[in-house]
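In the part that follows, the structures are each spelled out as structure tokens.
Note that subunit A is present in both complexes that follow, paired respectively with subunit B and with subunit C.
What follows is the complex of A and B.
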């Protein structure tokens, strides 16, 4: 595994009123790896993503990207640095057709800069990205209005919107949830391919079996605190992780 | 889309005309006839609006057309902001007032001719209005609407209380447009150009970014789009249109006063948009061309007009909530026929 630290969270803390969503969490994301983040509902996973991507400002602590402090930057500035995310609750531009959804990231300063201002035909680029991610061009799926797309396509559209940014880091917030095994099976190679191309990925996921097939390392959060970190197989054997996260449902995970 | 009708084993089938290709705004043209199919509605609109002033019986109605053009532009700006950027703007009165007072001041205090004051008021007023509204750009929801409503109310009170810019009397004896033909044939081309320019804009890439903002500003942020910047751009466009109408109206009357901040300028565009069809851009313009002349016809009824207005609006919301233009476009691009099941 590459050892270069791409993203670092240092002692991040965030409370909403009396609720401590994230407490003193530190983590490092190495270049080129896939990092998994697991934890029970309400353990602060999404808040941590929001802290990294600037949607929420931390009460204390800092986020470093390539050793530069990005804490407190606006979300769009962070996105333009190359950190993109998907949303747990999908946020398509529902009145636009699927490929027009990608015009928005393709219009971002980051992409325009990297293509020297001119991208040529953004529509063609958008359709290529969608086709790669499994939108069948022949069945006219890329041309359908986003509000008419089924869940599986919307999840992929979330990911496609990230890919269109040509990011260095993609943070996937429960991108498998609600998908069938078959749909997940089409997405796993996609993520592996992204990793091969050098993109660093961080995944929040409840589907542990699929997650553990992909990730190099995993971080466990519980009540906003980091409970464990390490190789998936080792982490999951730790008694406190089992107790906190899996509870009595160990059998279900093993099935 | 299928509609089941009656107990008989027949149904109404609705099909897209072959010309229309699967997604919005893409057509496959292969003959002059097909080109005419797309051009005909546009030509009808352009020629219709250009001929309209010639058909008016007297000066009074020619002025009505000019004022209708003003409301057409305001409705266009409202529809653009509301349905393509997601900013519900009640700022018609604000833009009107800002544009009107700037042109009034330039004309009366600095003696600038109207060929200079109208463009100046358009640009300076748009910048000024955009700056005034900029605190709301990072916010979502109703704040923009409230603030746009608040400024004109505040402005008229301030002018009244401080007795500046002519106070309640307003600024009289300003330059007027040379004649009624000049008046009508300046507003209608501006209206047409703005309409077609905005229609073009919202299908361009930057327009898609604006529509993305409307659908989901969080996702736009995550895609590296500064929502503040793009809201500022679009507010600038809409307020430029609004300030132009303000400046135009001032020179039409030769007078600038507090009534420029009247809420009519904010509310009527909404009514016109509902009647004409939200989100079609051309619909609100046509809505204005129905509503404003109708208002003039009903002038004798006095304040009862409001009752009539409310009934008309309620009727449209209940029986044809999509608006005239959306309905007409659907009928034009699709045909229906009965099929045996």
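What follows is the complex of A and C.
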């Protein structure tokens, strides 16, 4: 893997009132990798994602995308630069059918620019994207109203909306949570395929066993600070990481 | 027969009045309490251009609508944008702007009953034996066309779809690359134009007074609350309910009670069905 830094967070700090959500965190995301971000609840993972995607402005520190400062840009501008994310709590457009959910990203300035306005029939494009990620066209799943879809499909719909943006970076916020082993097993190849196609992925996840099979590197946050960084097998052996996870989950991971 | 025909006309007047308020709320979730002020300001602007400066009607109307759109956009850009999402502040700030505009007009000398816009066309026709003047026919025409065009726009164009999607979840829309502030700005400009259009077609029926602005605001809110906030179809249905209820009140009880209808209807609907006629579940589907 070419070690080209795509995204860089430099000494980011963010407090909410007296609570320090993220403290002096720095990290690099290399082009083409899958980076895992783990840590106990409340360790600042989602806040860090919000800092990167512009939903929250850092108190200090900066975020660089392709060596350009994106700190403080509005979320839609960052999205149009090519950094997109899924939400921890799924936020589909409930009243629209699954494929219509993709109309919004397909009309984003980014997609318009990258296709030179010649995307053609957007409904067809939307349905193709959904079929790619496992919405069975024969069973008319892409045409179903979003609110009627089961959880596994909704998670994939979140991902599909990101894919429709043609992003360079996708940040998945707990995309495995609430899914069965079988459902995760269908998601994993999708993410691997995205990586093969050149998309850089950052994953926040509590399902460590599944995560560690997928990621190239992992970062551990605890109380808003970066506790460890490295390849999964090494990181998980560190005593302070084991302590942060109280041992139990770590034992599960090692089988 | 007279009640039926004038009931329909009155209902469309309600729909015209409420349309701008409903559109702004449906897209940006902003309750624009300056709506009545925009309405009355558009009336006075048109009056000034038409009768004060002696411009012709199309020029006066277009100028008024452009100015009112600019004011709507400016109110969002310089004020409401800072308090997005804080509902109480949104109401207080927009109401304050409305009061400032209306009392400013009063201060500027627009008092009494001397101000009125000319009708577009003189004359009347008989419909089923009931005399109806051309101005009221124009109101019906403009109202129906706007209802249909806006419904088609929000339900069957991609831009409309994006705007409705934004109303459902602004955060998600942002993440998908939509500039929600710009969309809200457009919504407010459009809503102000709708208020102005309503004023220009309705006001020739009576006098332009500052007080009308307050009535307009109350009626617009009544329609939207009864129909279910953010529900387009609900607003149209509510317009007809209020339109006929008010017409019957005037006939049976007396004209001085007509403003009570809207307020009473708000109270009744909040007791019986707080989410409005089209209930929550439905509301999600029908949001503008």
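Methods note: the second predicted complex is superposed on the first by the 245 of 255 C-alpha atoms of A that agree within 3 Å, B and C clash if a C-alpha of one lies under 4 Å from a C-alpha of the other, contacts with A are read in each partner's own complex, and residues count from 1 in each chain.
Methods note: a contact is a pair of C-beta atoms (placed from the backbone, for glycine too) under 8 Å apart; a residue touches a chain by one contact, two chains touch by 3 or more.
No experiment lies behind these values; they were computed from the predicted model shown.
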{"item": "Overlay on subunit A: subunit C relative to subunit B, clash or fit", "value": "clash"}
{"item": "Which of subunit B and subunit C A:208 touches, first, second, both or neither", "value": "neither"}
{"item": "Touched partner set for A:140, first subunit B, second subunit C, both or neither", "value": "first"}
{"item": "Partner chain in contact with A:51 - subunit B first, subunit C second, else both or neither", "value": "neither"}
{"item": "Partner chain(s) touched by A:110 [first = subunit B, second = subunit C, both, neither]", "value": "both"}
{"item": "Touching partner for A:93 - first (subunit B), second (subunit C), both, neither", "value": "both"}
{"item": "Touching partner for A:75 - first (subunit B), second (subunit C), both, neither", "value": "both"}
{"item": "Contacts of A:85 with subunit B and subunit C, given as first, second, both or neither", "value": "both"}
{"item": "Selected from 9-17, 27-35 or 81-89: the stretch of subunit B that, after superposition, runs into subunit C", "value": "81-89"}
{"item": "Subunit A positions touched by subunit B in one structure and by subunit C in the second", "value": "53, 55, 74-76, 79-80, 84-85, 87, 91-96, 100, 103-105, 107-111, 122, 161, 164-165"}
{"item": "Contact set on subunit A toward subunit C in their complex", "value": "53, 55, 74-77, 79-80, 84-85, 87, 91-96, 100, 103-105, 107-111, 122, 147, 161, 164-165"}
{"item": "Subunit B partner contacts - residues on subunit A that touch it in the complex", "value": "53, 55, 74-76, 79-80, 84-85, 87, 91-97, 100-101, 103-111, 122, 140, 143-144, 161, 164-165"}
{"item": "Residues of subunit C touching subunit A in the complex", "value": "158-159, 161-162, 165-166, 168-169, 171-181, 284-285, 287"}
{"item": "Partner subunit A, residues of subunit B touching it in the complex", "value": "22-24, 205-206, 208-209, 211-212, 214-216, 218-227"}
